[in-house]
Every structure is written in C-alpha cells, then in structure tokens.
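Take a look at the following structure, please.
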Amino acid sequence: MHLQGGLTVAQLQTRSGTAPTAGLTERFRATRALSEALVAPLSDADATIQSMEDASPAKWHLAHTTWFWETFLLREHGADYAPFDERWAFIHNSYYETEGERIARFARGMLSRPSLDEVLAYRAHVSAAMEPLLEDLQHADLIALGIAHEQQHQELLLTDIKHALFQNPLGPAMWEDASPREGGDLSQPTDDQAAADARLRGGSEGWHRHPGGIARIGHQEEGFGFDNEGPAHRTLLEPFALARRLVTNAQWDAFIADGGYETATLWLSDGWGWVKDNAIIAPLYWREGEQFTLAGWQPRDPEAPVTHISYFEADAFASWAGERLPTEGEWEAIARGQEGAAAAHDAAAGNQLDSAGPVQPRGSEGLFGDCWQFTRSGYLPYPRFKPAAGAVGEYNGKFMSGQFVLKGASCATARGHSRASYRNFFYPHQRWQFTGLRLARDL
Amino acid sequence: MHLQGGLTVAQLQTRSGTAPTAGLTERFRATRALSEALVAPLSDADATIQSMEDASPAKWHLAHTTWFWETFLLREHGADYAPFDERWAFIHNSYYETEGERIARFARGMLSRPSLDEVLAYRAHVSAAMEPLLEDLQHADLIALGIAHEQQHQELLLTDIKHALFQNPLGPAMWEDASPREGGDLSQPTDDQAAADARLRGGSEGWHRHPGGIARIGHQEEGFGFDNEGPAHRTLLEPFALARRLVTNAQWDAFIADGGYETATLWLSDGWGWVKDNAIIAPLYWREGEQFTLAGWQPRDPEAPVTHISYFEADAFASWAGERLPTEGEWEAIARGQEGAAAAHDAAAGNQLDSAGPVQPRGSEGLFGDCWQFTRSGYLPYPRFKPAAGAVGEYNGKFMSGQFVLKGASCATARGHSRASYRNFFYPHQRWQFTGLRLARDL
Amino acid sequence: MHLQGGLTVAQLQTRSGTAPTAGLTERFRATRALSEALVAPLSDADATIQSMEDASPAKWHLAHTTWFWETFLLREHGADYAPFDERWAFIHNSYYETEGERIARFARGMLSRPSLDEVLAYRAHVSAAMEPLLEDLQHADLIALGIAHEQQHQELLLTDIKHALFQNPLGPAMWEDASPREGGDLSQPTDDQAAADARLRGGSEGWHRHPGGIARIGHQEEGFGFDNEGPAHRTLLEPFALARRLVTNAQWDAFIADGGYETATLWLSDGWGWVKDNAIIAPLYWREGEQFTLAGWQPRDPEAPVTHISYFEADAFASWAGERLPTEGEWEAIARGQEGAAAAHDAAAGNQLDSAGPVQPRGSEGLFGDCWQFTRSGYLPYPRFKPAAGAVGEYNGKFMSGQFVLKGASCATARGHSRASYRNFFYPHQRWQFTGLRLARDL
Amino acid sequence: MHLQGGLTVAQLQTRSGTAPTAGLTERFRATRALSEALVAPLSDADATIQSMEDASPAKWHLAHTTWFWETFLLREHGADYAPFDERWAFIHNSYYETEGERIARFARGMLSRPSLDEVLAYRAHVSAAMEPLLEDLQHADLIALGIAHEQQHQELLLTDIKHALFQNPLGPAMWEDASPREGGDLSQPTDDQAAADARLRGGSEGWHRHPGGIARIGHQEEGFGFDNEGPAHRTLLEPFALARRLVTNAQWDAFIADGGYETATLWLSDGWGWVKDNAIIAPLYWREGEQFTLAGWQPRDPEAPVTHISYFEADAFASWAGERLPTEGEWEAIARGQEGAAAAHDAAAGNQLDSAGPVQPRGSEGLFGDCWQFTRSGYLPYPRFKPAAGAVGEYNGKFMSGQFVLKGASCATARGHSRASYRNFFYPHQRWQFTGLRLARDL
C-alpha cells in the first residue's frame, strides 16, 4: 500500500478482464455499507483530524472513495448524472491526475467542512446513482476495481484514525472492546517458555518447509489483481522454511529485555539511525503492559502477534533470533501450497475485517490475516512488468524505490481483499499499519 | 500578546489592587457569554482543528479559559467545588506551572474529544459555580484578571479560527457578512489620489504633532493592567508626528505596484530572508482583489486599513514611504493626549469587538481599534520592572527577547480590553493577528 | 560502495582464503604509491576541505587507509611496532568498531592538522614497517584486503576532491588535461543521428542478447571478493538484451531537450520529489556545453558516456527511451560471457584508473570501466548470505536497505579492482560518483 | 558586529568628516601588519577552513579587507592601478553591493585556492599601491573607515579561527601560551568567598553608582564612528549602579553548581528552548576545569571574566544573581564618566588586542576590554537615525531586528578600535565572540 493514502493509477489497473458481474451488486452494497459502519462511532471532529502526512482523515477516506465512483463511473457512464458538488473534486482527489489541481496533502486535516453528515449524504447520492450501472457487464472490471479501492481505504481509515486517537492524552476508544479474547481459541496456543523458545529458535514442528526449486509467482489470471502483482513468472528458490506462527508480543518482550533496542550490531545502519533519532524503545502504541487499540488502552496479550513494527525493527528482531525475513517469492510459494497444503493457507480463513469493530491481531492459523508480514524483498518491478500505455499507466512503478514488500493481510484488511500475489509496500521506517513478522530460515 | 496562546503568569499579575467589584458580575457574565457566542457558528469539527503551532483550536480556547476559573478560583475558594473532569487539566493547561505536565502544544489539534458540547457543558458547570464568588471583594483582583484573560483568548480564538478556515480550499465563512460597509461612514473617508498621496507622504493635517519632552508612560494605577505595562516611568521624546490614519489597502497596493516586495534595499536583512524563503508577495489572506475574512472571501476595500502584515512588512513599507514606525513611547504619549486632546484618543471609541460577528478593520478615528500597530520598540522590560517573588512571578519577562511591541487594539479585541499602556508583542515574522501600520516621522 | 566513506567490516571480510602472496609485495607498493601520486597536485588546503557529509577530505583518505594497516596488521603482528601518533586513531577511524570513539563525520573537514606533510610522513612510517610482513603467507588474506580497501578509497578520494574543487567559483583544475581525446579512438564511434537513434531506441547490432535460463552469479571463489558478493548462487533469467554502449552525453542532451526533467510521468515518485526540491535540470557538474572535471571546466564530449547521474535520473531516462535498467543478475550474466563471449567483457580492458591523472569517461568496449552502471536491483542479501560470527561480521548487511546495486567499474576505479561479482551500492539520489547508464530490454 | 562577517554599508558610513590624516599612514601600515601577524602561525589549511556559517576562514578575512582597499580606494583613485586578479572580486566581496554576484556564504570554506601565499602576495600588492594615497587629505575619511573595517575583521579572524580549531579533536594551539597570568596583576584580585559573594550579590564598593537624569549618548563628533552610533541624543536614566567587575568563571561555576542550566524559571522562554534543544550545560569552549583558547586547552582561571556566553545565558545569570543587565544608555553614561570619573573608564586602558598572540580575558580595571558586555537593549535605531541617501546608505539599519547591543570591547578588539558609543550586536543565541557580563541594578 502506498504512502500517500490514495491509490496509484498503477494499482488501479486490473490484471484481469475476467471479473464476473456475479455478486458485484451485493459486493458493492456491502462494501459501501461497511465503510459507513466503520465511521459510525466517530464524531464529525473525530472524522476530521489528521495526525500526520502519511495519514488521512476518516472523512476524507469516505469522500475520496465516493469521488472515485463519481469520477470514473458516473461522470462517464451515468445517464444524466449531476455531481453532488462541483467544488469537491479538488479536495477529494488524491493524486490521480497529475494535471488536476488538488489540495495539499497535509491540508486534508483542515477540512472541517464539508461535515461528516454532508459527506454521508454525498455517499448516499452516489451509491444510489450507481445502482443502474452495477449489473452492466461492460463496467464489471471498473466496478471490481472500485470495490478493491474502497477496501484499501477501509484499512487505511482504521489505521489512520487509530493513529489520530492515539495522539489524544485521554486515550479515547473508538469502540468498546466488544470482542474480548475468549480462552485460547482466538489467540495463539499458550505454551510453556521452553516450547516458546523452541518455536522461536528452531523446533521443527513450527515451520513450513520448502525443498526449493522453481516456483511460479505473481498474479495468475485467477481474478482481480493490481498490475504490480504481475506478470506471473518463475522464480528460483533455495530450500527454506517459513515459520507457522507470527512473532508474538511475548517474544518481542524478550527481545527488549535482551537489549534489542540498545544493540547497534543487530540493526541496519539506517535503522540504527532511526532508533537513535526517534528514541525508539518499543513498537508503536506500547506502554507499560498495555497497547493502544481501537478500543483504547488495553492490556497486551503476550501470545498475540506483535504489531506496529517497522522493517528496521523486524529485521533487527530476526537478527537477534538468529533467523531472517523471508523473500516475497518464498512467502508466496508457501501461500500457494506448493508443498501440497493449499488448504492450510486459505486466504479467506484468517483474522481479517468482517465487520466494524476494534480489530486487533490475535493469532490464527494460516498465512493470511492478523498482520502484514515484512519480506526482505525490495518493492521493485517483476520481470517483464511494463507500464501500460496512456493515462491509466501514467504512474506504473512510480513507487518502486526505497520500499519493502509485505505479504498476507492484516486484521484490518477487508475479508476477501487478500491473495497470495498481493504486494503491499511501505518505507522501512513506517509502522502505523498493522505490520508484523514471520521468520524464515535456510534449510 | 504572546506566541503561545496561553497567558504568562507575568501577564496575569495585575498592576493594581484597586479593581472595584462594581460591575464585575455583569462583566463576568458578559465575557463568558461572548466567548460562547463567538463559537455559535462553529461545528465540533471547526472548533477542533489547529492550523499551526502558533494557533490553538477554538474548543481549546473555550476550555482553557474555563480551566483558569476552575484552577485559580474554584479549586481554592469554591465551597465543595467538584471538578468537572479531573483528567482535563492536562489538556487545558497552557504552560502555567512549569512542573505540571501538559499536552504538547501541537497536539491540541488532535483533541477531537471532549466534544464541543462537552466543553460547553464544562463552561456552564464552571460559570454556575463561580456565581457565589463574584461579589466577594477579596477575589475582585483575580476575577478582573480572569476576565482580561478570557478577553485575550477571545481575540486569539477569532484569529486562530480565521487561520484554520483559510486553509480550506472551499473558503468557508464563519458568519455571513452581516455588517456591510455602508457608504463611507465606517470606512476612512475616500479622497482623490492626490489627497491620498499627500496623506501618506506628508500633508500636515494628517498628523498628530508632539513637541517632544519628558512623557510619563506605562500603567499608572488607573485600573487593571498586566505587569509588563509597568512600572510607570518617564521617557524622553524628541519632537515627532504620528499619522492620524492607519495605512490602507490602497496604499499597500501602491507599495506592491512599486515593487515593494522585490526591492531588497527596503527590507531589514532578516525580513528579506523571510520574503525570499516564504515567497511573500502580499499580506496574509490576500488574493486578486479579495481578502479572506471571517465572512469568507470578500472584496478588498481599498480605503480600509491594511492588516495581517508582519513587522518586516510594516518596516519595509515605512522605508518605502520615507517615514518610520513610531516608538511605543511616542504612541502612548499621543494616546494619553499629552497635547491636550485626550478625547480624540478614546480607547473605547474604536472599531473593536462588541458582539459576535465577522470583525474586520474598517477605518476609524482615534488610535484604538481596527489593527494592532507595530512600533519599532523591542519588547523589553521597563525601567525598574522586577519579577515578582514566588510562583506568580515565575515567568516575569519570559518573552522579552526577539519580539516587537504593538499598541492600540484591533477589531478583534474585546471592547474595554484596551488602554494606552497595553503592550502587545509578536515576533517580526508573525502576521496572523489583525496587525497594521501607523506611520511616524521626526519633526 | 557505502555512503560513509569508510569500509564496513562486512566488506572487509574476504570471500576467499586463496589469495596468493605472489605479487602482493609489488601490489602493496604500487597501491601505496598510487595513493600518494593522486594527491601530488593538491595543496595542504586542498587536501583538508570537505564539501559534504558524503565525502571525506583527501588527507583523511590518505590517513585512514594507513590507519588500517597500522591497526589490523602492525599493532597485532608488527614486531616492536611503535604507533606514529597514538592520538590519531580517533580521527582516522571510520566506523570500524562500534565501541571505539571516533570523530563526527562532518568534522573531518575541520582537520587542518595534522598537515598533509605529516600525513605523508605517517604513510612512509607505516609503509616501511609493513615491508617485513608482506611476504608472510599467514597475512596474505589480510594484505589483499588492505589493498582492496585502499583501492576503494582511491576512487573516493578522486570523486570527493572533484566535488570539493567544484564548490570553488574559480573552478580550479587538479591536473592539466594531459590526455585529450584523440580523434575517435578513445571515444565511442561517432555516427550519424539516425544510427545513434537506432542504437538508443533499438537497432539490434547494439545489444548483447541473452536467451534466459538459469545463470550462476555471485563470487565464485576465483580470488578476492567482499562478503556481500556471495554466496554464489543460481538465478533465473528471462530472455533479455543489454546495450553494448553506455548512454552518451548527446543522448542525455536529447532527453533534456525533450523535456525529460519536466515530465513527471517519466519519474519515480521519490525521484520527482527530488527533482523539484533540488531544482535538478541536468547531471551534476554540467553547465552550458561544459562539464567540471579533474582538469577543471572542459567542453563536453557528446559521444562520451554521460556520468554523475542519480538512480532517479537513470530510471527516468530509461523510461523516456522506452527501455529499462538491467537487473544485477542480467548484467553479471553478460559480464561472465555466458553467451560465449567472455573476452568481450574483460574486466581488465576498460577505461579505469591506471595512474594519477584527470580520469574521465570516454567510452570503450566491454562492460567495465568509464562509469558504474545502475541496476534496478535493490542492494539486498544474496540467498544464504549469513553474517559471520564475531567482530568481523559485526556489520554484515548493515547497509542493505534503501540502496541500489551498481555494476562494472568507473574510470576512477583502480585497474584490477573490478570483477563481475562486484556489488557497488548507493542511495537513489546520490550522484557524485562516476555513475552512468547502460540500458536493457526484454526479448 | 554583524552576523555576516562582512561590514554593512551602514557601518561603513562614518559619522564624522573630521578624521585627521595625521598618523593615518602609520595606522594603515600597523593595521595591515597586524592582520598579517595574526595569521603567521596558521598553515594554508588552517586559514582555509570554515566551521559554521557565522564564521569565515582566516584567509577570507585577509583577502576581503584587501578587496575593500582595492575596490573603494584603488579602483577609483589609484593612478593606473591594475587589479591583482579580476576574478577574485566574486569570492572576496561580502554583501556590499546587492547587485554584485558573490560566493555563497557557506562556500567560503571551500576556497582552498587561492592559497594563503597568494593572498599574502595580493595584500602586498595592494598595500604598496595604497602608499601614494595615504597622505591625500581627500581620502582621509575613507582610509579611516578602511582601517576600522580591517580592525573589525581582525577580531572576527581571531574568534573564527578559534572556533575552527576547536572542532579538531586534537585541540591544536595557534600560539603557545606566551603570556601566562603573572601573580594577580592581570587577573581580578583574588578574594575570599565571602568577599566574592558580597561583590556579586551587593557590596557597595563594587559598583559604579549613577544618580540618574538626562544623559547624552551616541557618537558626539569626537572622531571616527559608524553611523549606527548616532545621532547623539539625550536619554533619561533612573538611578542605577553598574558593577565594577565582569562576572568571573568562579561565579559562573557557582551558577552551574546551583543548577542554573536546569532551572527553567531563570531563563527567557526562547533561551530555555535553546538550552534544551542544544543540550547547553556550560559556556562555549568549557570542559572539566579547562577552556579552549587560542593557545589550545588551558586550565580555567577562576578569577578571570567568564566569556563565550550567549545573551540567554547572561540574562539567566543576572536573574539568578538577583541583578539585571544594564541598558546601553546606562553603560555609556558610566563610560563617559558623567559622574566625573572619566579616567577610570579609559577606552585605551583595557585588555585589548595590541599584538598577535593568544588573547584571553584576564580581568582589568575600567569598562573596556576583556569581553564585550551584553546590554538588555535591543539593537534598534537611535532617535532621528536616518538611512543615508544613495548607495552608501543602502543597508542602513538593515540588521536592526532581533539582536541585542553589546558595549565595551574584548581582548580581541584592536587597541584603539573602541569607544563609549560603539554598538556591537549579536543574536541572543550567539556566543563564539568574546562575550561577557557586567551586572547592573536599580538604586
């Protein structure tokens, strides 16, 4: 996912022309409804504030996704469509058209007007106008794209508002914690310290093993995908293993207790500079025994996956543990079940966003859900990746420098909006997303 | 007025023990009511946003002034007073007690909660609790101080929300422009270009003349005053003249047309650096023929006083005009009517804040109102100024470096909250207040 | 090569234990002599100044490489060796030992003392003390490493002093231009515009073609290598072609004339930000028709390879040309002659540093020499790359985030200090090295 | 003295047309010779480096002062004068002519060429060419000005090279300490703690008392002066006292021991921010028991005046001591001996620069010498100060914002280059000059 909180045109270019209209209407309605359910607990003021340039106000996410439908479907294809407010394009565009003027990114947090109610009215206006187009086969691809786009913004909305509420010394909760941990069924199984240590440091049962060889990765025409996921291509893997579980808060506590944040030799050079310059001593949102969540400050579950860490931290932890981060190819090969265990990595089975609520990593089977997982792969073009001709491909590859690929999906990723070929990406210092860590090792 | 948007203890130390209780109850109620009237047009979101570190959210001004009453009157003297919410002191303190923890200044803009309604409830709670204390003679000084404090924040509230709304590309209006210029009765008399030029460049009728000599300036025990206004003392003046009128928008247009912003020799060295670094080409809030006001974008009245200029700009204009800025002593000497014309400088007669509305400089007789007027005097201690002992004097003189004194009062200064000895102060680059310019010359 | 102007311990770990002593004595002497020849045209003042944090003073390079021999060979193995000056370790260490204190990087430019003469005396002292160790087989690896280390610093010395002299408005020359271009024998063959265009845009004769398949890359135990060059491993290539020639100044002029620096769509997002923030309009060291060289300002040879470009510029040019940058695997596969043409890519045949003089890219056959060539590969660990245990491996992989790999060698790279597996690396905005561009395309 | 290390035209405008030619030749020769004697201990490299933007290289001071004679005297009045090198004007101009291009200030430290020897040859060339003009009455004013200009740069040369050498971890000495403290004759008399405390906190014998009244200050046509020293004018003083001695290192140690740098209430608001942001814990150049001097690291004399402090520190110390800083009017009134004691304040009697050597404050009688003394007066125009017409007055008052006035002279101020009306000025955070502190109090 990109730094800017808007979608690149590159991402908007779908990889497939085969998206069926079947279910599109239901998916459109469900997606629109979920976006609105997410902001139900927010006041107009909550939905207005912007805590940093990387984040956008909740209200802006609501309006920008709506502007997408208006601009790319309704203005072109809606019969007699009347825009809700001609002046709003300027403030709800992200960076879609280089020529089009748009609001300075930081100024999004100054948009106390239009109000949340006005934005919701805008959404209703656009959603209603979309209805006649939903069953039209010729728009199926674009509608599938718009749904994926809105789903990406749902995740950003949640991580951005979490960051904003965190700035408030009163520590406000967006939701009551309506989904408490029940026994161990949602969390990772509790085990004793020796077992935990074995799991981290080695124990063979905790690893997916892969014999190496040529794997086929990238988007394989199996449905919707962004253009940076392709072309599908072969990649050569050495024998390796990938951890079955994400690194936990308890393991991170051990890293801290062992002086992880004070040991220069564990860190990348840029990472150590970041630690020193920002006085980093723990993951984002941590304080003594607690972490800040969408349900406010909550006790930290030692067995839940650690989250809100940067690439620098993930890499330092792996060095400390004597392991390493996987490559994106390795991760995808396991996810695709090339060892014959596809069912174990059901992209639909993880802890992801089903309905509005205080999502939080809890630990689960499979590779998807809970946290985005850092790979050691730079976010770079796949072989034979080509920018598309024309405006649609205007920005292809635009973000392909300085960032790392993350795989999987997080607890804030919309259910269904995940697949083995998905390539999320962030700069190595960023950590306001639900990012986590799954170790790998050579065999 | 200080950079920080809170009052210094220094300022809170009154110069006089003679504040009568007479009228205090009415003044307290009127002041509280005016603060609330000012925010009536604002949504919760409007009242939450913060556009820069120099400014505070409207909601914060409302709460901080209430925290003052709660902390200094009710906690100490209120019988059985129960604080509204113990957790709020942290977020509504400005920088009153060095030891007390308080929210980082910039994070004020992240306080989407408490809501505006909750803050208004807090205000009602505190105002009601204050009632029994208002007639108590022993609290008269502190209550006079609290009123002055809240009045200062009314002005900041208006200038801060103006700056915040200006960031919105939609240019929202806080109020409809309910007070249009009627003929010439509010504006400065229109005259032809020759007369205007004469007024600017010299014409004798446009100047208050002063023969020089020893003047007595500073707060002279005539009622309430902040400690930086005293002690009263003698100062030696050379013969000079002070312009009867503030510099107008039309005159500023002439300065621009003559290349004022491109002529290095007109500027202070630091000012020229500021112009270049920030690409300054006009006063703040100007665009082609218009200016941004509390009533949104409005045509610019050529005859109205120019406002939202920095010291650097004021000084460059004076150089261009072949005149200079007055000293604070000169200004006060004229204001005190030592040439026998006290009535002409009635501090109560200017264009100031009487009621909630889109205040804007219009031009008026007298020295007070419309705009704060830059002097060439550094904001430094008066002779024999002494920090008070104890906590009250903790910060005396704390801001006395790098800033300039402004005199008068602006259209956003509460009626009555102005006097000849008042010393407002800002850094030479700041211009989000209603600042303007009155020329002086040697005789 | 690393940002910091010193070697990482990672780099200092050799990949091979087979370095023969044969010729080591001669190579040691020649390397030491070349370093000193390089500074012969410099005054003490020239050798002292530091133009930016990425660069180091010439004097510091001379002393730091000497400190290396003193610290790793003489202090441990030199019989009765007496350090030249105990206080100098602090100022001549780069960042070798995390615990050891050392001078702040930027303060290197404040070391007017010791003088250049004193540093040369230090060099003589250490070189003489080294003589008895040179034939000792047990030190062969470390001596080979020290030679490689000093060779890297020779290149940095040249690029750093070039950057420093460039800051001087008088444009001083370090050397007279003793090696003028003679006819076309050193430059790339001149051809007419159509041919040039064909070469750039396509013409089949200008490309090395590769059928794809599994290539073996990385350091293959064929002599000295840094640890980041290994392990040798297989990589899967798709059919591709690599340009026989580097992009030239004339081609770059065409890019500029076509609005290359003003066309956002050609650039990576971070690259476009860099262009705008730094007002970039041409390669570093360009001015009208000329370029700054170690021989001062010289006419620009249109047929010579363009140099002093950033990754951002290289990538934008490739996009403009309708081609792309190669991967490091592709480049190395061609260099290794896997199409049966090894002789064409003789690492010893290019335009490299043989003797002290105003080195400058001129164009030559083969893949090595003239300019370091950007690849689109992030500088990341090779499969099964493992940090070594103990102090030597303290920093393995330390720089593996945010940088790109460059291949080949430049005109400032010591003759012999180049090989197919060499991985140079820089951040995408850096361009004070002799960096250039060789295009690639998919087949 | 101004931030920029060059003279303003304002300063160059002399206040007096009465400068006699008598002695001008001798003074010219002595001044030129002293400048050259000051750099005698410096290598070319020493004379080249620049440690910060506020400072200039020694070589630049030598060349810039020579450029002054060349530009203002020789080019206009020298018969057949041939410039030494036409290209040098660009690099040796400070900011004299707004239109004239000149080297970026920071790049002065990149001027390894011309060499120190070439600059000295330039000086000889110009000094010789000046000889025929020295006795010409019509140039007397300009020559007096040039001498004053070169004297100012002698002081800057010393403070700038001190700052540069201080950056070197080896702590090089410019001179051996040839002038050790002898007994108590140069230092302030040693006394026991009680007496010292009495002196600081109050003892009447340690103060110059002034009854107040109207004093005449500013340049009074008594010889050479810069234009910012005038016009002479009356100022009104309240009764006050000025300390006979400068604050000493021992007294500053007591301030530190009492937590001076950790007590927010002692500091101006901007000063406290400066302390925190820069981790200030002592005067510049202090380390345990020692201070860095032009003779390298030396033991700190407890009885010598403290130096290298900022205005912020001076003000905090005065607050801690229960005293205050004087105004510039107060200081000048005492200096002028208006209590009938002119001889006690002989501007020629202090510890000032007589000959090349490791000048350092030692303590002396009188108001002049040892350290420049902060006043609480902003650097602002005197009454009726008027920018001169034409190019000469181009920059009048250009630096009159944000700075404070210092009075007296320091141990690095050329003997004779001091007078009661001299107004030196610096920003409140600057402290690389020989700045110190003389307390004042109200009577």
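By letter and in written order, the chains are A, B, C and D; residue numbering begins at 1 in each of them.
In this text, a residue touches a chain if its C-beta (ideal position, glycine included) is under 8 Å from a C-beta of that chain, and two chains touch if they have at least 3 such contacts.
Only a predicted model underlies this, so the values are computations on that prediction, with no experimental measurement involved.
Trainee: Computing the C-alpha centre of each chain, which chain sits at the greatest distance from chain C?
Mentor: Measuring from the centre of chain C, the most distant chain centre belongs to B.
Trainee: Measuring centre to centre with CA averages, how many angstrom lie between chain B and chain D?
Mentor: 38
Trainee: Could you give the separation in Å between the centres of chain B and chain C, each centre being the mean of its C-alpha atoms?
Mentor: Each chain's C-alpha centroid was found; their separation is 60 Å.
Trainee: Distance between chain C and chain D based on Cα centroids, please, to the nearest Å.
Mentor: Going by mean C-alpha positions, chain C sits 47 Å from chain D.
Trainee: Provide the list of chain A residues touching at least two other chains, using ranges where the numbers run on.
Mentor: None at all.
Trainee: Should the pattern of chain-chain touching be classed as line, ring, star, complete or other?
Mentor: Shape of the chain contacts: a ring, since each chain touches exactly two and the loop closes.
Trainee: Which chains are in touch, pair by pair?
Mentor: A-B, A-C, B-D, C-D
Trainee: Which of the residues in chain D come into contact with chain C in the complex?
Mentor: Interface residues on the chain D side: 43-49, 51, 87, 90-91, 103, 107, 109-116, 164-165, 167-170, 172.
Trainee: If we count contacts the way the header does, which residues on chain A are in touch with chain C in the complex?
Mentor: Residues 98, 214, 233-236, 238, 264-265, 267-271, 311-312, 315, 319, 324, 376-378, 380-381, 383-384, 387, 394-395, 397-402, 404, 428, 442.
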